[in-house]
Amino acid sequence: MSISTETIKLEIHALDVLSRGNSRIHRIDARIQLFVTVVFVLSVMSMSRYDIIALFPFFIYITAIIAIGGLPVISLIKKALLMSPFAIMIGIFNPFFDKTPYLNVYGLNITGGWLSFISIILRFFLTVEAGLILISVTGMYRICKALRQLGLPEVFVTQILFLYRYLFVLIEEGTGMIRAKELRVFNKRQNNLKLFGRMAGSLFLRTFNRAQRIYQAMVARGYKGEIKMLENSKINSVDIMYGIGWTMFFLAVRFYNIPVLMGSAVLKVFQ
Amino acid sequence: MHMADALISPAVGGTMWAASAALIGYSAKKVREDADEQKIPLMGVVGAFIFAAQMINFSIPGTGSSGHIGGGLILAILLGPYAAFLTISSVLAVQALFFADGGLLALGCNIFNMGFFPAFLAYPFIYKPIAGSKPTKRSIITASIVAAVVALQAGAFSVVIETFSSGISELPFGKFMLFMQPIHLGIGIVEGLATAALVMFIWKARPEIINAAFKGGTFGKVSIKKVLITFIIMIAITGGIFSWFASSHPDGLEWSIFKTSGTGELTTPAKGVHSKLSVIQKRSAFLPGYSFKQDKSSDISETSDEKWPNINAGTTVSGIFGAALTLIFAVLIGIILKRRPQKIENQ
Amino acid sequence: MSHHIVEARNLSYTYPDGTRVLKDISFKITHGESVAVVGANGAGKSTLLLHLNGYLSSSKGEVLIGDYQINKDTIQNIRRTVGMVFQNPDDQLFMPTVFDDVAFGPLNLGFSKQEVEERVNRSLEIVGALKLKDRPPYKLSGGEKRAVSIATVLSMSPDILVMDEPTSNLDPKSRRSLIGLLKKFEHTKIIATHDLDMALDLCERTIIIHEGKITADGLTENLFRDKELLFENSLEIPLRLQACPVCG
């Protein structure tokens, strides 16, 4: 899908600002945040495909982090919706292929396919939000440092950082080019392939030259093939508690249908 | 064709992550060995270029619609396969993290589908032989289109396999394939045309860039062999895990037999998962928490089944009640913990 | 090195495509001097600067920094001695935060964590950008980017500062404060620029390059009053030295 310049700028800018917040969540070590997110996503993904109600407790994690981190709820939901078409497109077939009646509510048959479709949507929402929340409370920079501390190849991590650093600069350049073209080519919003080749090609050559100048600047400051950064984050006991706490919660939700247990317990009291 | 977390199982996600991580490690090592330090900033900046280039739309000949490049193949042509693989991986990582385009665990699938095939299959085995070391306009166009089509067909097929193996979508294998492959044939041709247009421009302006990727020590004969071997091993491991998974999770096949034979009622043979399932199904229809899939697969869920509360007629009610409670609880937690939302400053 | 001489001896450079950009360049710059290198676009200024830290090396001629010729053994030391600030801060500042950028050089020199942090703080303090430490570069103004760019080389404690167009794209106020900052430095300074007014402010000596050759080398004031010389080199008298059209 194509994302407009403004969206990219606003989105990254917004997330960047969020990730610089100073809530209790933001202070948790990025490695722990990453770990918690992975456990969360794995727990959600490994639920049975017909689970709906059993998925609900996972929302507690999402709302808790959004609340503590002071994250903007509406824009997080919007972003998830923006990306939902593929999951919906694939999931929507389930009701057509799985017509096993599962439940009869006042004469209306609810099939396995509908259940698994709703389940897919819920999982989609949960996992996407977990990812967005992760980046909102850590930021690209801390995530990359965490990945490096966790042993991902330095070459790989540094070029994610480079990509991130120059995303703005290049999008600015690209926008300038598109604008310049639109000023000269009238009544034609789209380009033919040749024009595309020329525009994207010259953008690439500029990029190539820029990379060369960056390299010069790196060499001038003693670069010898390895980009060094100070690793200043340390995992403390609060971080560990945070990690263990959520992990236990996710495992409990994964293996016990907490809403059902809770519901029947409360009902028992009233009986 | 970004895969989403919601459509894959942890086993598939994990396997593909392992495969992609191994390829990232291998490529990083190769780029290092190459000792072309200049490539490190180049790869990063070119990754950003892919985002910028995706903003430039073009009209698709013969149709009214417009397209933009995907990136894998063009990166391989400009940077060589290893650097291209790392670059496309980082592009996908940024897309996953910032735009929620593809999830964290699906990222392994996405890197494999959109990075492996163009960089290690289409470029070395299709683009290079067709384009040759002294490419002409015609050979560039042919090579780009064929390579892009192959890369996208392979990628799309991989999406089908991953989705099917995960058993979350009910789409039958064949139907899903018939749905995916033709769409990606179209996308592949468009991608090929756009790639060719871009390559031709750069070839005219700075042929040495494309030559460096083409010749450069980056892809000797030995390493092709190595990559192939790695690929085969990967397939074997992946296949092994898949089949193990499939046998312990008889979901696709058995489940559909189960369904079509209409034995989902109480009359199921009294043994095994089917009876168990139908019992649960009958009693807690609305809360089909544990299907037979897990009953067989892990001990933990087995025990959790034992602990399943003794379901009576009120189960449905308590389920709905509990669900409502959970949601209220989630919202309450949100309200209690809420800080003032941060203002997004406009600088 | 007690006396930081920068010397070029018969330096010539030809690009791989055959274009000769430098032709027999010779000069000697001594400790504490501040020298402007001026010339039209494409005169060879930037190519010359790239020779001063050994990024480019010539087939003909040589460059000496201090008493050392630039070669494989001396290059790391020379890159520490010669702090190079490039024209476009977006190329100079490639790391994700100001801190990491300023720390990049010291880390490559192998200093301890504590030493690196001290150097970062000190350099940012000097250029008045300490409060920007944790910012990403895209959130800096043009003037701030310049200041941080300079800090990225100051942290390596160079003896010689080489700058390419330090005032380009700056608004008048930022330009003024940059000139004020550079005035305070006691380093040997070599500044390639089109901004002749700045050259007048900062550099007592000027080298004019035209089509790869040195066409003049002398006191800035004298050179910049020579209308003919400047015209021949595609330059013009800086505004400040022009006769005022109103008051005569």
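When the chains are written out, they are named A, B and C in that same order, and each has its own residue count from 1.
Just so it is clear, a residue touches a chain if its C-beta (ideal position, glycine included) is under 8 Å from a C-beta of that chain, and two chains touch if they have at least 3 such contacts.
These numbers were taken from a predicted model, which means no experiment stands behind them.
Trainee: Taking chains as nodes and touches as edges, what kind of graph is this: line, ring, star, complete or other?
Mentor: Shape of the chain contacts: a line, open at both ends.
Trainee: Can you tell me which chain pair comes out on top for contact count?
Mentor: Result: the chain pair A-B has the most contacts.
Trainee: With chain centres defined as C-alpha means, what is the inter-centre distance between chain A and chain B in Å?
Mentor: 15
Trainee: Express in whole angstrom the distance between the two chain centres, defined as the mean CA positions of chain B and chain C.
Mentor: A distance of 49 Å separates the two centres.
Trainee: Compute the distance, rounded to whole Å, between the mean C-alpha positions of chain A and chain C.
Mentor: Here chain A and chain C have centroids separated by 43 Å.
Trainee: Indicate the residues of chain A shared as contacts by at least two other chains.
Mentor: 140, 161-162, 164-165, 169, 210, 214, 218, 223-224, 227
Trainee: Among all residues of chain B, which ones touch two or more of the remaining chains?
Mentor: 41
Trainee: Which chain C residues touch at least two other chains?
Mentor: Residue numbers touching two or more other chains: 94.
Trainee: So in the complex, the part of chain C that touches chain A is made up of which residues?
Mentor: 50, 53, 55, 76, 79-80, 82-84, 86, 88, 90-92, 94-97, 100, 103-105, 107-109, 113, 116-117, 134, 136-138, 152-153, 156
Trainee: In their complex, what parts of chain A are in touch with chain C?
Mentor: Those in contact with chain C are residues 16, 20, 140-141, 144, 161-162, 164-165, 168-169, 210, 213-214, 216-224, 227-230.
Trainee: Looking at the complex, which residues from chain B come into contact with chain A?
Mentor: Residues in contact with chain A: 1-10, 13, 24-25, 28-29, 31-32, 35, 37-38, 40-49, 51-59, 61, 66, 68-69, 78, 86-87, 89-91, 93-94, 96-101, 103-105, 163, 167-172, 193-194, 196-198, 200-202, 205-206, 209, 259, 264, 281, 284-291, 293-294, 300-301, 304, 307-309, 314-315, 317-323, 325-327, 329-331, 333-342, 344-345.
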